[in-house]
Amino acid sequence: MKSIITRHQLLPTIFTVIGILSVLIFPSIGDAVSNGYVIGLFIGIYILYQIISLLFYKKDTYRQVTADIVSIILVLFILWELLTNRFGILTSFVYPTPGEVLLQFQEDRAELVVHLFSSVRLLVSGYLLAVCLAIPLGMISAWYGRLDRVMRPISSVLAPIPPIVLIPYAISILPSFAASSTFIIFIGAFWPIFVAALNGVAGIDRRYISSARTLGVNNWTLFRKIILPAALPSIFTGLTIGMILSFILLTAAEMIGANAGVGYYVKLATDFGNYSQVVAGIIFIGLIVTVVMTILTQLERYLLRWR
Amino acid sequence: MKSIITRHQLLPTIFTVIGILSVLIFPSIGDAVSNGYVIGLFIGIYILYQIISLLFYKKDTYRQVTADIVSIILVLFILWELLTNRFGILTSFVYPTPGEVLLQFQEDRAELVVHLFSSVRLLVSGYLLAVCLAIPLGMISAWYGRLDRVMRPISSVLAPIPPIVLIPYAISILPSFAASSTFIIFIGAFWPIFVAALNGVAGIDRRYISSARTLGVNNWTLFRKIILPAALPSIFTGLTIGMILSFILLTAAEMIGANAGVGYYVKLATDFGNYSQVVAGIIFIGLIVTVVMTILTQLERYLLRWR
Amino acid sequence: MLSTIQYDNVGVTYESNGQQAIKNFNLSIESGEIISFVGPSGCGKSTALNVAAGLIQPSVGAFKMDENIITSPGTDRGVVFQNYSLFPWMSNLENVRFALSQKSKKSNTELIKQSKKLLDKVGITGKSQYVYPTQISGGMQQRVAIARMFALDSPVFLMDEPFAAVDEITRKHLQNLLLDLWEKETSRKTIILVTHNIEEAIYLSDRVVVLYEGEIITTKPIPFKRPRDRQELENERDYLTIRKQLLQAIEGNA
Amino acid sequence: MLSTIQYDNVGVTYESNGQQAIKNFNLSIESGEIISFVGPSGCGKSTALNVAAGLIQPSVGAFKMDENIITSPGTDRGVVFQNYSLFPWMSNLENVRFALSQKSKKSNTELIKQSKKLLDKVGITGKSQYVYPTQISGGMQQRVAIARMFALDSPVFLMDEPFAAVDEITRKHLQNLLLDLWEKETSRKTIILVTHNIEEAIYLSDRVVVLYEGEIITTKPIPFKRPRDRQELENERDYLTIRKQLLQAIEGNA
Amino acid sequence: TEKSQSEEGLTPVNVGYLATTGHSLYFIAEEQGFFEEAGLDVTFNSFSNSGEGITAVAGGQLDVGTFGTAAPLKFESEGAEFVFFGGQMGTGAGVVSKPELADELKDPANFAGKKVATVSLATGDVVWRGALVEAGLDWEEDLEIVEMKSPADVITAVNKGEVDAGVVWVPFVEKAKQEGLEIIAYSDEYLNDHVCGRLIANPEKFENSPELYVSFMEAMIKAEEFLHDENNKEEVIASVAAYIDVDKSIIEKDLYDGYLIQTADPDKEAILAFKETMVDIGYLEEDRDVSDIIDIEVYKEALDNVIEANPDNAYYDKLVDRYKDRNLEI
C-alpha cells in the first residue's frame, strides 16, 4: 500500500522501532504478559496511525498533528513499559505494566461494553437535561437586567459547591437512584453552561440587537436568529467545560446505587486496589472522551463556520 | 438612622416580617433551639442588608440587586424553617433545622477559623501554581501552531480525567501529603486555565499582532503589552472555572492525610452523618466563595476596564 | 404613513467618560424631507443619528416621532450604521433576505429572488452574495448594509456615512439609487444622512444641518429644484456660495 | 535608508471562499515615491496593500523590498489599516506613546510630550487623548491611527483609506500634514495610499495605479511639480484630462 | 530519616487513620500521653478512602496505618506490601431495614430477591456477604446489591424505600435507629468477634526499626487498659472527641454499648478467618496463605514490656490470655 516514509512519518516510525527494540533488548521483570503483547501494541498503534494518516486526511497540517500525537503516545508507552516492566523503577502495585493493562482490557472487554452503554445513557440524559435547561435559563436571565444581576452572584456561589455533598439530598428527594445519578451529572454540567449562556448574551454587541430591532423581528425570531448565534461562541465554551465536569463527576454519580458504568468500574477497581483495571478504565474513559470531544468540536466548527 | 422604607426595601422588609411571624405562629417540632435564635437570624440578615444597602452602594441598580438577593435568601430560610422545624415535612437527619445549623456555627466558630486558614493556604498554593503554569504554557502552546494543534486534543482528553483517580499516584510520587493535596487542587484548576489561555491567544484578532509587528516590538513586549491583554478576557473565564473546580475538589484534596480545612470539616461531618455540620460547612464554603469570587470579579473589572 | 421627526432640546453625555457629545439639539424634520448632518469629525453627528435610531437615550430632552417619544429602535426607521453592523453569522444574501422576511409573507424563493435583485442593484453580484460579510471588502459590506435597509422599506431612513467606504463612481451610483427610490414613492421617505462630503449633502438634501462641538450652528436650506442634475447643479450660481458658507460653518464660523 | 518596492507577479486567492482578489500584479515603486491605488470597491486595493504590509502571503509571485522577499510585518513599514486597528486596551495617548517607545530611548515624560504633540497635530486634543479608542468617534480613531504611524517614522508608509472617515476640512489638513512630513525629510518616505478619492490621489501622488477586478489596468504618472497648490492644480490644463482618464479607467475602460 | 529525633527527643511517627470512633485507641494513647511516654511524637493523618491510606503505608509515607481488614487483604492480593502487626477494633457494623422487613430478614436466607445497599469493601459488607454465602445464596444472582459511596447515602436509600436493607457501621447504626429503621443484625452475629481496623506498616520500615513498633504497641496496650477502666469514661470520651467531632453521646454509645471490640491484639486467627470469608464470597480470587505477613511478635514483646513495668495489673494478664487464645501460638 504505502511506498515510502514521508517526512511526517519519520518520528512515529522511529518511535515504533525503538519501542519494539526496547522490548526485545531489555528483559522483562514480571512475567505476566509475553513480549508479543507489547510488540503487538506498538504495531497496532502504528497501523492505526497509518490508516488515519492515509485515509482520512488530505491536509498536510492534519497529517503533522496525527504524527505528533502518535509520537507522543508512543513515547509515553515506551517510558511506561521501560519504567515498570523493564528497569523496575516503578514497582508499586499502583503502576501496572502496559501488558497487564492490555490483558485487562482483553479480559474485561464484554463488561466494558456494558459499562460504556450505561455511562453513555447517564451522560446523555444528565448532560442533555443541563443543556436544555441551562441555555434557555441563562439566556433569559441575561436578557432581563434585574434577573441577570441577581443570577450572576447566585450562580457563582452555587457553582463551586461540590455536587457530591448533594448526593444524600438527591437520593432522599428524587424518585430513583437513576434519577439521582442523572441529577449529579446534570448539576455538574448545568452551571458552566448557564454561566456561559449568561455571559454570551450579556456580551452581545448591542448593535446586532439594535439592527434586529430596526428590522422589526419578533422576540422568538430575535432569540433564534440573532441572540442564539451571537451567543453561540461563548455557549460552546460552556458546553465543553460542562462536558469535562460531567466526566469528572461520572465516578461519583455512578456510585449512587448503580452497578454499571465506566465510572463505577474505575471506582470499584480503585476500592479493590486493582490498578490494572483502574488504568484500563482511565484509558477507556480517555477514548470515550476523545470521541465525544471530537463530535463537540465538529459541531462547533460547523455551527461557527462564519467565524 | 433610616427614615422610611424605600421601594427597594419593600420585599426584604415583608419577608423579614413574614419570617418572624411564621416562627411565632407555628409551633416548633423539635426543641433543640429556641425561637429566639431563628428570629435573631432574620433580624440579623435584615440589619446586615440595611447596612449594605445604606453604606456601600449609592447606585440604584446595586440597591435593587441587594434587595433581590436578600429577599431570595430570606424566602429560602423561611421555607427551610417551615419545612423542617414547623410542618415537619423534611424530618430525616440529612435535613437539620436552621436553628440547629446556627447553633452549630456558634459551637464550631473557633474551629471553623482554623479550617478556613488551612483551606485558604491550600487553595492559594494549588490555584496560584496552576495560574503560574497554565497561563504561560497555554499562551506559548497557542503561539506555536504545531504545539497548538497537538495540545488541543491532548488537553481535551486529559482535562476530563477525574483528578480523584490521580490521588494514589500523587501520594506515591510526591514528598508529602500536603504536596498531594496541593497537586489535586492544582490539576483541577490547571486545565480550564490552560485551555482558556490557549483559546484566548489563538482567538486574538491577527490585526493586533500585525499592528504590533509593524511597530517592531520585541517578543517580550509583544507578549506583555499585546498578547496578554488581548487574551485576558478569555483567560478570566478560565480563572473563574478553575476556581470553581478548585472548590469542588477541596473535599477530596483535604482528605489526603490532612486534619484541617473546610472540605475536611464537611467530609468528616458527612462520614459521621452530622448534617447540621455538613450544612454549616456548605454555607461557610458559600461565604468563602462569595469573597473569592468578588475579588476575582473586581480584578477582572479593573483589568478589563477598557472593554 | 407620514412621519414628522423632532429633536426636542436633546443632550447626550456619554457616561463612560463624561463626554458631552451633543447639547441643546433642537430640530424639526418634516415627513418626506432629506436632511444631512455635516460637521468636523467628532462633532456629534453619529450620536445625533443614534438618538434618532433609538440606540442612545438622550440624557436631557426627548426625541419624538409624530409626537411620540422614541427610546428604542423600531421598524419605522431603517438604519445604516457607520460600521455596517451586518450579522456576521448570515451570508450577505441571508442578511438581506432576513430583513425582507420580517415584512413580507412571500414564499422563500420569491424572497431570495428579491434579495438578489436588491444586492445586484448595489453591485454585489455573483459569489459575493453567498459568502459571509467578513469575506468581502469594506465597501462591499457597506453596500450590503444599504441593500438591507432598502429591503426593510421603512418610512424613515437613518444613514451614517453610508457611502464613505466606496469609490466615487459607486458612490454616485448609490446616491442616484437612493434618490430614485425616494422620488418614485408617493409617500416619500424621511431621510437623515450623516456625511462628511459637502457636495453629497448639497446634491441630496433639502436642508443641511451643520454641527460644531455638539451643537447645531447652522441649518442651511438647499433651494435647488428636483430632480437635480449633478452637472447643472454645479453650474448654478448659488451652488458655490452655499458650498462656501457650509465649509465656513464647518470650520466653526457660523 | 532607501527602499525600492517590488510586486513581482503577485496573485492572492482567499482560501476561505476561493476568491481571487488580485492577480498578475506587477509594480515597481522607487524609494521616495508616493503611489495611490484606486479602483472600484472590492477590486483588491486593500488586498494589495496588505501584501505589502506582510499581512497576507501572496498565493503566487513575491513581494520584495530591496530585493528581499517580504512575508511578515516589520518596522520598515508603518501601516494605517482600513479599520484603524488601535489597541483597545490602551488609551489613545498610550497607543501613540507605545509606538514611540519602540524606537526611542527617551525618558517617559519626553515620550508622552512627543505623543501629545503628534495627537495635537491630527486634532485629537484634551480629554480625548486619555480615553480608550472605543470612546471616540470613527474619524477620531482614524486620526489616532495616523498619529501612531507618524510616531513610528518608518521609511515606508502604507495607508488604507486613511482619510475616509473624516470631514473634508480635516481631510485636507491631514493631507497637508502628510505632504509636509514627506517633503521635509532629506531621505523621503515611500508611500502607498489606497483611496477612493481621485482628487486626493492626484494631489498627493507621483503615480496613480488603477485596479480593476484584481488587476492593474492603468498606471498614470502625475506630472505636476511639487510643492503643489490645490487651487493651482485644479486650474492646470492636464488636470481635468487626467482626472477624466482615471475615472474612465475605474469604470473598467482602460 | 524517620529515626531523626524531634525537638523533645521523641521519635516522629506518621499515623494514618479513617475518621471513626472505632480508632479510639490512637486518640486515647495520644491524649493520655502514652505515646510520649513511649518516646514517640505521633502525627495523625486522616483519610476517607482506604485505598489512598494503604498506598501511603505501602509507599512508606505512613509509619502506621489503620484501614480496616478487607481493603488491606484485597490490596495485598493486588501486590501492595505491608505487615499486619496489631489491632484496633473489631465488629461494629450492622444491617438495617424498615421495621416491617426486619423480622423476615433476621434469617440471611430471606435476603433472596431483595435489594440491598452497601459500601463496597467495608468490613460489614464482607461479613454480611459471608453470611449470605453461608445461607446458601449466590449474591450475584439471588439478590440485587447496589453500591453507595457512604453509609449516610445507604440510610437515606433504605429510609426512602429505594432498597430493602442496607449495611452500615458505627455511628450510622445508631443514626439508622433514630431515623426509625430497625437493626436486623450486628455484624458479629454473622461472624463472631470479627476484626476490622488492623494496624499495618511498610515491611521494610517494620524490619528496620522493630523497637519503634514495640514502643508504639506499648502505648496502644496502655490505651486499651485505660479505655476499659470504667472510671476513665469521661476522659476517654473527651480524648476521642478531640479528634472525632461528633456528639459525645454517640461516642459513648459506640465505645461502651458493647458491640465494638477494642483491643490492640493483632488477632491473627480472626484475620485469617476474615480472609476465608473474603475467599468464600469471591473477593479474593486465590486462597493464598497470608500468615507470614501477620507479625505477632512485636505485640507480644510490647505486652511483656508493659507487664514488666506494671506487674500487678489484672487487665494485662487478661491480655496475655487473649493473646494466646487468638494468635494460633503454639
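Things worth noting here:
We just call them A, B, C, D and E in the order they show up, numbering each chain from 1.
In this text, contacts are C-beta pairs under 8 Å (C-beta built on N, C-alpha and C of every residue); 3 or more make two chains touch, one makes a residue touch a chain.
Everything numeric here is computed off the predicted structure, so don't read it as measured data.
Following the contact convention of this document, B is the list of chains adjacent to both subunit D and subunit E.
Summed over C-beta pairs in contact, the chain pair with the top total is A-B. Here the spacing of subunit A and subunit B, counted between their Cα centres, is 24 Å. Spacing of subunit A relative to subunit C, judged by their CA centroids, is 51 angstrom. Averaged C-alpha coordinates give centres for subunit A and subunit E that are 39 Å from one another. Computed centre separation for the pair subunit C/subunit D is 28 angstrom, with centres defined by C-alpha atoms.
Chain contacts: subunit E has residues 49, 51, 55, 59, 150, 152, 156, 159 touching two or more partner chains. For subunit A, the set of residues that touch two or more other chains comprises 92, 94, 164, 168, 172, 270, 275.
Under the contact definition stated at the top, the residues of subunit D that touch 2 or more other chains are 83. Touching chain pairs in this entry, ordered by label, are A-B, A-C, A-E, B-D, B-E, C-D.
Against subunit A, in their complex, subunit B makes its touches with residues 61, 64-65, 68-69, 72, 92, 94-95, 145-146, 149-150, 153-154, 156-165, 168-169, 172, 191-192, 195, 199, 237, 240-241, 243-251, 263, 266, 270, 275, 278, 282, 285-286, 289-290, 293, 297. Residues of subunit E that touch subunit A in their complex: 49-51, 54-55, 58-59, 71, 74-75, 78-81, 117, 120-121, 144-150, 152-153, 156-157, 159-160, 162-163, 283.
On the side of subunit A, the complex with subunit E involves touching residues 92-94, 164, 167-168, 171-172, 176-177, 252, 255-259, 264, 268, 270-275.
The part of subunit C that touches subunit A in the complex is made up of residues 53-55, 72-75, 77-79, 81, 83, 85-90, 98-99, 102-103, 132, 134, 148, 152, 154.
Residue ranges on subunit D touching subunit C, taken from their complex, read 14, 16-17, 19, 38-42, 46, 82-83, 123, 127-128, 131, 135-140, 142-143, 161, 164-171, 196-198, 247, 250-251.
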